[in-house]
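In order of appearance the chains are A, B, C and D, and numbering begins at 1 in each one.
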Amino acid sequence: MDLKLIQRLIAMMKRAGVAELDVEDPATGLKVRVVREGAPGTSSAPVVHVLQGGGGPAPVHGGYAPAPGSAPAPVAAEPAKPAQQGTPFQSPMVGTFYRAGGPDAEPFASVGTRVGPETTVCIIEAMKVMNEIKAETSGEVVAVLVENGEPVEFGQPLFLIKP
Amino acid sequence: MDLKLIQRLIAMMKRAGVAELDVEDPATGLKVRVVREGAPGTSSAPVVHVLQGGGGPAPVHGGYAPAPGSAPAPVAAEPAKPAQQGTPFQSPMVGTFYRAGGPDAEPFASVGTRVGPETTVCIIEAMKVMNEIKAETSGEVVAVLVENGEPVEFGQPLFLIKP
Amino acid sequence: MFRRVLIANRGEIAQRIIRACRELGVETVAVYSTADADAVYLRQADETICIGPGPSAKSYLSIPAIIAAAEVADADAIHPGYGFLSENEHFAEVCRSCKISFIGPEPETIAKLGDKVAARELARAAGVPIVPGSDGPVEDEAKATLVAQKLGYPIMIKAAAGGGGRGMRIARNEPSLVTGFHAARSEAQAAFGDGTVYLEKFVENPRHIEVQILADKHGNIVHLGERDCSIQRRHQKLIEESPSPSLTPEMRARICESAVKVARQANYTNAGTVEFLLGRDGNYYFIEVNARIQVEHPVTELVTGIDLIQQQLLVASGEKLAFEQKDIQFRGHAIECRINAEDPDKDFQPSPGKIDLFVPPGGPGVRLDSHCYSGYRIPPNYDSMIGKLLVHRPRRDLAIRTMLRALDEFVIEGPKTTIPLQRNVLSHPDFRAGDHDTGFVERYYGHHPAIPVARGEAR
Amino acid sequence: MFRRVLIANRGEIAQRIIRACRELGVETVAVYSTADADAVYLRQADETICIGPGPSAKSYLSIPAIIAAAEVADADAIHPGYGFLSENEHFAEVCRSCKISFIGPEPETIAKLGDKVAARELARAAGVPIVPGSDGPVEDEAKATLVAQKLGYPIMIKAAAGGGGRGMRIARNEPSLVTGFHAARSEAQAAFGDGTVYLEKFVENPRHIEVQILADKHGNIVHLGERDCSIQRRHQKLIEESPSPSLTPEMRARICESAVKVARQANYTNAGTVEFLLGRDGNYYFIEVNARIQVEHPVTELVTGIDLIQQQLLVASGEKLAFEQKDIQFRGHAIECRINAEDPDKDFQPSPGKIDLFVPPGGPGVRLDSHCYSGYRIPPNYDSMIGKLLVHRPRRDLAIRTMLRALDEFVIEGPKTTIPLQRNVLSHPDFRAGDHDTGFVERYYGHHPAIPVARGEAR
C-alpha cells in the first residue's frame, strides 16, 4: 500500500484546510477516504480509511503520518492509464519541479515526446538555482507524474519513459 | 535448544556455590559450559556457553535466566538411550517428586516396569500432602526422567511410557 | 530483607515486582501458567515454575499450586501483585501457617476491609465522613423504604460482599427501590454467596479520589498523596493522575489525613489505597480500602520519587519506614493511561492475539510498564492490559501534551487498543480544564451507558 | 515560536527533536536518506522529504539538499541535532542568508569556538583556567622544544582544527616530542587541511567534566550543572552521569561559574557545553566548547526536569529564558549508557544489520531514547548507536542498581552491543566508589590501548 500517497493527501488537506477527502483511482483500484479531526489543535490527527482492491475498511492508527520509503503513486496532471508501461525517471535532487523554462514556454516534455540522453526534460529549482535535468536515456515519455510547480524529493519518479 | 535445562544448571550452581560447570551429554550431543561471575553481588550473572551437536560456541546474553516453556531434557537418574521411544508422562502438579513410598521402599516404577491406568507411578508432595500419581495409561516404563526428591513443575515429563 | 520472593502473578505486575526485587538484590521465583510460558519477562526471574494450565482457577488462583511452588523453590515470601489472590484472606492465612511472608496486610485486616459494611463502620469510628446510609445491612423491603425516605433519593443499593458493579442498583424513587432491592439481593447471592445488601445516598457525578498509604509494622503510617481516577468506563479506570486538578491544598490535606486515620483504625500495614468520592460541593466520602498494591501505583511513584514495590518488600520484611510524612515531597504532575487490547468498535470487547509490531514510546518524561513486545501473543485467559503508559512533567498541561505525543508514537499492530479513546479524552476541553467526573466517559463517548456508579473497581 | 521546523539529522536525535516539537505544537519536516527510508520515527513527522542516497556527503551533509528541502517544505527553522552540520558555521551562515533560523549559536560564535586556539584565548580572557600550553600556534621544532622544556613533560601536541584524536600526540621526552610534532602536523594537514598545532601540558588520567549551558538572545545565561563523562573508550563516551561523584559542592559551584564566564565571553546563545579536565589534585582546566546539543543531554534533563530541546527551540525563536539560575533545582542522580551496535569480541567494530528482536527495558526510573524496534535494520552508513538508556534515582548507588537491572532486561537479538562492557564497568568496585577517570576503560578492559587522551570527542 502506498503510504507516501496518503501522507501527501493529508499534508495537502492540512494546508488547504480540507476536512474530508475521497479519492478513487480506477487505474489501481485504490480507494482512499481521509477525515481530519475537528479542532486544529496540537494533537489533532487525521483519521484515515483505506480500501484497497475492494477489501474491507482498514483504519490506520490515528496520529501518524504514514511511513515514507515507497515512491509516490502516479497521481498527477495526466492520469496514468492501465496499459502504460515505462521506466520511472527519478528526480536526482530535492526541489521544485518545472515542466517548462518559463510561465508561457512550452513544456520540455509531454506524453509522446521523444527524448535522448541530452534532452532537457524539466527544471528543478533548489536554493534559487534552476537546474536543467537531462533525460540520460532515449525513449518516449509515456507519463508525466508530477504537476508543474510541485515540490519533489530525491528519488521521486517524475516521468515514465518507454525505451 | 533446551533453555530450561541451562536455567536449572545455573540455579543448582548458584545454590551450591559452584563457579564453573561442564556438562557433556553423549546421548544428545549437547555440551554446556557455565561460568558464574566472581562476586555474588546483586547483579552477578552467569556466563553461559552452549555447544549443541558440535556447533560453534553461542554465548548467551549474560544476566538472564533463560526462557521457560519447553519441557526439561532427559537428564536424570537413568540417562536416556538414543533408541528409547515412549510417550512422556507429565506431572499433573507442582511439588517434590518421590519414586517410592518411603526411604527404604522399592520404587513404584523403574525402567521395564509394566503399568496400567491405576498403577501408582510416583508420589508428588505438595503442601505436606503426599499425592499418589496414577499412570492413567497402560504400557512399559522406558525411562525415568526425574531424580528422587527433585522438585517438578506442572507439565514436566516424569517418565517415558511405551504403550 | 527476604532472600527469595515468589511472585504469585503474571504480566506487567509480575515484571514490575521482579524489577523491584532485582534492584534490592532479592532473588525471584516467577510462577506461570502454560498460557504464559513464552513471556519474555520470565527470563528476568532467577527461577521459573510452571504451576498449571491457562485457566486462572488452576494456576494463578490455585493456592495449593502456588504454595507448593514456594516450597519447592524455597521462597521465604510471596508477593501477590493485584487481582488474583491479592485480597484473599485465606491465601494470606495459608502463607502465614506455612511460615511464608505474605507481602501485604495481615489476613485479619484483609478480611475486615473486604467486608464493605465493616469497612464503613471502621471509617465512621475513625471520624472519617462516609456516604450517608443504612448504618448496616438492610434485611427487608420495609426497612429499605424507610431508610430511603430518611436519606432522600437517589439511593444506591449495594452488596456487602460486592465488587465490580455486581449486586449494585440505583433507585430514583420508591418503586425502583423495591425492584432494585430484590434484584441486588439475588444478584449478590448468586455472585458472592452472600445476599446481604445495604443502602447509601447516591452521589451524582462525583470525582474518584484515592489516597496512597504506606505503613510499616512499627505503627508508622504515611500517605503519598492522592490519585484522581475519575476517567472510567464502566468502573474500569482508563486514565489516572496525580495531583487531582480538583483539590485545593486545604482539601488535599484533609482528605489525605482522613486516609491515614482509616489506615490507623484498621491497624493497616504495607501499601494500600483508601478510596473516596468527592462531590461537586467539595464534600468527600470514604468508600473502601484496597488492601493491596494498585495498577496505578506508578502515578504516585512519579510524583513522590518513592518506589512503592520496594517499600512493600521492605516493610513486609519488618523494616521501619525510612522517611516521615514531612520528608515526602510532591513534584510535578503525573498521568497514566492504561492501554488495553480492546476494540472500541465492538463495545470494548477484549481483543487478544498476536502483536505483530510493538514500538513503544520513549524519550523525556515517559515511563512504560509493559510486558509486551513484537511477536507477543496476548493470551485470551486473562485481562487485556497491554501496558501502562505514564508521563511526568512539571505541570498538568505539559503532562497532557507529552501523553498525547507518547500515545501518537505508540505503534501496536495487531490487536485494537483503547488509545483512540484516551487521545479523545486528553484532547477534550473539559478534561484539559480539569472539569470532569466519573460520568465523563459515558457522557461523551458512551454509546452503551452502564450504571453511572462512581466506583473504581477491583484494581 | 516557529511554525515549521526542519530536522537536519537522523536516528534517535531526529526523533528526540520531533518529540520536542510535537509537545510545543510546532510542525516538523523530517529529511531522510534512502538508507533511512523505512525508519518508524519518520511517521511522527508532519512531512518527510528524501534528500539523497545513503552516503552522508550526499544527504545529511549536503547543504544544498537540506536547504532545498527547507524551501519546498516552507520551514522557518532548522534544527541540526549533533554531528553532521551541527557545528558547521558555513551551514549556519547559509541558513541566515536564506532567512531560515538556525537552532544554535550564531555562525561567528561557532567559527570562533571551532578554532581550539581561539577558544583557549577566549577562556583565558574570561579568567577561566586553561591547561598550561604554548599560548598559540607552534610553528617549528625549535619553538616546540623550548615550550616543552618550560611546561615540563608529558606534553600533548594538538591540531588547532582537530577533533577525534586526529592530529594529537603525547610526548614524554624530547625525542618523542620532535617525532610527534611532525607527525601531528602532517596528520592535521591531511585531515583538516590545516597543519597548525599547539602544545599543552598533558594531564594524566583526569576526569572529563562538562557543564551544560543555556543562553537566550537577551543576555541571560544559566548553567544546568555538570556531567561526568569519564567512562570513555578511545574518546568515545560510554557512560555519562550527573552529578559527578568527584566534585564537592564548592568545586561544582566554581566550575559551573567558569562555564558561564566562557559562554558570556563568547556571546553564546542557545544550548552548549563547556568541557573541562579535572585533575586528581582538584585543579580543573577548560578544554573546549561544544556549540550544539550533545548526545548525553538527557542526563541533565533528568536531574533538572528541564527539556533542553524545547529550550533550544524557545530561545532560538527569540524568547527569554523563563527561569533564572536560582530557579534551577537539581534532584537525584542520573546515568546514561550509550548502547552501540559494536562487537566487543572484534575490537568494538560496528555491528550493523537487522535487529531480530528488540525488547526495551522500562519501569521505574528508566528512560530510553531510541529509534530502534524489532525488525529495524541498522544502516552501515552512519554511527552505530542503538539508543541511550538512562536512569534517574534518588542516589547514585540506587541509580547504578537500576541501570544494571535495565541493562539485563534489554533484549537486542541480532547485532552485538556494548551492553556487556557497560555491565562490567557499572559492577566494578572502583566505578561504584566513584573512583574512576578517563583511563578507566583502557586500564581494565582495553586489550587494544589507544592514546589515553582525556577528550570526549565530537558529541
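Structure notes:
Here is the rule we go by: a contact is a pair of C-beta atoms (placed from the backbone, for glycine too) under 8 Å apart; a residue touches a chain by one contact, two chains touch by 3 or more.
If you're wondering where the values come from, they're calculated on a predicted model, not measured in any experiment.
Following the contact convention of this document, D is the list of chains adjacent to both subunit A and subunit C. Each chain gets a centre from the mean of its Cα atoms; the one farthest from the centre of subunit D is B. As a whole-number value, the distance joining the C-alpha centres of subunit B and subunit C reads 39 Å. Look at where the CA atoms of subunit B average out and do the same for subunit D: the two points lie 52 Å apart. We define each chain's centre as the mean of its Cα atoms; on that basis subunit A and subunit B are separated by 63 Å. Taking the mean of the C-alpha atoms as each chain's centre, subunit C and subunit D sit 43 Å apart. Contacts with at least two other chains are made by residues 22, 25, 40, 43-44, 401, 404-405, 408, 411 of subunit D. Residue positions 41-43, 64 of subunit B each touch two or more of the other chains. Partner subunit C is touched in their complex by these residues of subunit D: 15-16, 19-20, 22-23, 25, 40, 43-44, 298, 301, 305, 307, 331-332, 357-360, 362-370, 373-375, 394, 398, 401-402, 404-405, 408-409, 411. Here subunit D touches subunit A in the complex through residues 22, 25, 32, 34, 37-40, 42-53, 59, 64-65, 67-69, 71-73, 98, going by the rule given at the top. Subunit A meets subunit D in the complex at residues 7, 11, 14, 41-43, 64-69, 93-96, 126-127, 151-156.
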